[in-house]
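Across the two complexes that follow, chain A remains constant while its partner is chain B and subsequently chain C.
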Partner chain A sequence: MALAAILAALAASMLSSAQPAGGADRPDPVTEAAAFRNYFVKKFPDVKLEEFANGPYALNEDMRRQWQEIDQFPPYEFSLEKGKELFATPFANGKTYADCFPAAGVGIRQNYPYFDASEGKVVTLELALNRCREANGETALPYVGDAMAALTAYMAFTSRGKPFDIKIPDDARALKAYQNGKRYFYTRRGQLNFSCATCHVQYPGEHMRAEVLAPALGILNAMPIYRSEWGGMGTISRRFTTCNSQIRGLPLEPQSEEYRDLEYYLSYLSNGLPISGPGTRP
Partner chain B sequence: MASSIRVRAIANGETTDVQTLIQHPMDSGFVKDDKGEFIPAHFIQELTFEHDGKKVFVADWGTAVSKDPYVKFSFKGGNKGDDLKVSWIDNKGESDTATVKIQ
Partner chain C sequence: MIDIVSSKERWRISSLTLILWLIGCTASVIAAGSESEFKSAYAAAEAAEKEAGRLRNQWTVTEAALTKAKKAAEKSDFDSAIELAKEAERLAKASIFQATSEREAWKDLEIR
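Coming up: the complex of A and B.
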């Protein structure tokens, strides 16, 4: 009798877990995002919410002063100018990037990545830029290269101050992408056995050698970034792949589905925080 | 191609504050490329700021200066509307010049 009761309970629990998104805890992005934000607000009570878009500078006064000094003459300026030029340069068929994007590509950074219902997948800004190129008979740009960084820098610059506005439509596949990004974010990997969350949720504001770790909240708002360590600009793809190498893991292909889902997840959590890119980081 | 030099000069009473950002690879000659070949040294040797026909700042640079160098200094004199001329020359003989008005 006892066995039958256990079996019945087991069957019931299996039934309840057979939700469309899969997983016993049905994802609730709205509640999760609020909880995520609350965690950082409580951890850093003196930091204004929108300040999280400035990464480590929101948490460390000394770094902040250095950054303000640097920002009078930002090192990304050359890249920004190149991006503006590239963006306006027509393809061989006479069309430009502006033809591929809503609002001619100006002030739209905050809407990326978005969930594409016809494809059933997440489309990031970098991916959309390369798709635009390919649709117009051009070759795709490397996702970790300077030209892609320059283009996204320009698009972010025209969107500065606009709050992230990532939507998760009422679609099981969109929820699944969000969930997949979350799983990637919290999964430990690499020889050092770190997850993204280890550094950017558990230890933001702490030092890792000379660096101050940035909070996960608002971490994509400043992208792309000029990193002094790189001596140049880097895209979100570059940041994700180098993060994975730094924990001695094997990076995925840039713009692979998992990275896209990760970007979707992280951007969604930063909804409402202003775009501050292009940024500068040590 | 746009100028490799960004300058901002602000007259500040008796002195003028100057900030400059220069786009240059500043290769030291000791770094290898992805094929394992040394990247030849390519660096700015002399950076000069001139105001009113007089050199106010001259830097003799070598390979130890970072890529896309940033310089900040101030000099005595200089009025709003004056010209400030900046020029650099590197070890390959390449050079660039920019003239800005002091703000």
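Coming up: the complex of A and C.
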């Protein structure tokens, strides 16, 4: 009997020691964001902090000059015009996108994604746009399609220069979403065994074939982007799914929980950096 | 003309030829993949890929190998179909291993 009690106590102590001590796995977004920013500032001491919002152009002088030339007549302009038109076009019920967003949807890109406490999940701008459509009796747009890219391009354009202001409320579910996004960002996947961080933390500024890899800091500030490789505009959803395919991983469904949490995590880390979208990439 | 091969000898040669032919046929039947063997290999690959899907970590190359295996089987090229299905299973198992090991390994990459 005494032996059984000792064994039970021993087993209990072993189990408790296997748990993270003092909530060691609990994320600390403020400290982590500071460390993340510090990593890039140290890695690229000649780059001004706000310049990270311009992706690879902040790191490569040749590319920067080309980009400045290209931006005299930006290739995203047609999409931007289309986005403005779509945004203002009334739905069948007479309402518009402006009725669904604060400040009539103008100058608010920097606040997305946000954590919705009522439903306990991350809401991205793309998701909010489709919810707006559905709430007004319209069908949802494809997340990787041109219309969604155009709408987000317009909304980003009206928010240019405004610093990312992503909030993580004091809510265990929000912290969990942040942590899930972080896990996705650092997890290796695909046959090439790459994580997002492999390219965008370990090798920003380096060439991957003809491309110069963008730094993770500020990587979403320029979204959506016109990519010459795509021959058109692409949303964040398109960027995430394409990244997965490029490392031979089967992409998840656009706006899946993993992708939304990833966007939440990355956007939070870029708090304070200006919105620079829509952007242009080779 | 002199018949240098006796009838008994002829019979022995014919028998030997027949036996060799039968051995050849049997060997080729054993070597060639059967439809049932393909179905078994494909089911194993599909099961592994389904598990990778449950772990949210499927690979494009696994899906491609599964598709190619099915197409080869439709053309009754079971040798190729079996090989492709086995390749798909190996890839799916590698993706499962990756997902499992990354449950903790991702933390090593984190900027702190």
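Quick note on the criterion: the second predicted complex is superposed on the first by the 258 of 282 C-alpha atoms of A that agree within 3 Å, B and C clash if a C-alpha of one lies under 4 Å from a C-alpha of the other, contacts with A are read in each partner's own complex, and residues count from 1 in each chain.
By definition in this document, contacts are C-beta pairs under 8 Å (C-beta built on N, C-alpha and C of every residue); 3 or more make two chains touch, one makes a residue touch a chain.
Bear in mind the structure is a predicted one, so any value in this text is a computation, not a measurement.
When the two structures are aligned on the shared chain, A:27 is found in touch with neither chain B nor chain C.
In the superposed model, A:201 makes contact with chain C only, not with chain B. In the superposition on chain A, no contact is made by A:163 with either chain B or chain C. Looking at the shared chain after the overlay, A:35 reaches chain C, while chain B stays out of its contact range.
With both structures placed on the common chain, the touch criterion links A:75 to chain B but leaves chain C unconnected. Judged by the touch definition given at the top, the superposed model places A:272 against neither chain B nor chain C.
Within the superposed three-chain model, A:187 lies in touch with chain C and out of touch with chain B [touch as defined at top].
For chain A, the partner with contacts to more residues, out of chain B and chain C, is C.
Of the two partner chains, neither chain B nor chain C is touched by A:142. No residue of chain A lies in contact with both chain B in one complex and chain C in the other. Interface residues of chain A facing chain B in the complex, by the touch rule stated above, are 72-73, 75, 77-78, 81, 231-232.
Residues 56-63, 91, 94-95, 98-99, 102, 105-107, 109-112 of chain C touch chain A in their complex.
Interface residues of chain A facing chain C in the complex, by the touch rule stated above, are 32, 35-36, 39, 182-183, 186-191, 193, 195, 197-198, 201-202, 245, 248-250, 252, 258. Listing the residues of chain B that touch chain A in their complex gives 2, 6, 8, 19, 21, 23, 66-68, 70.
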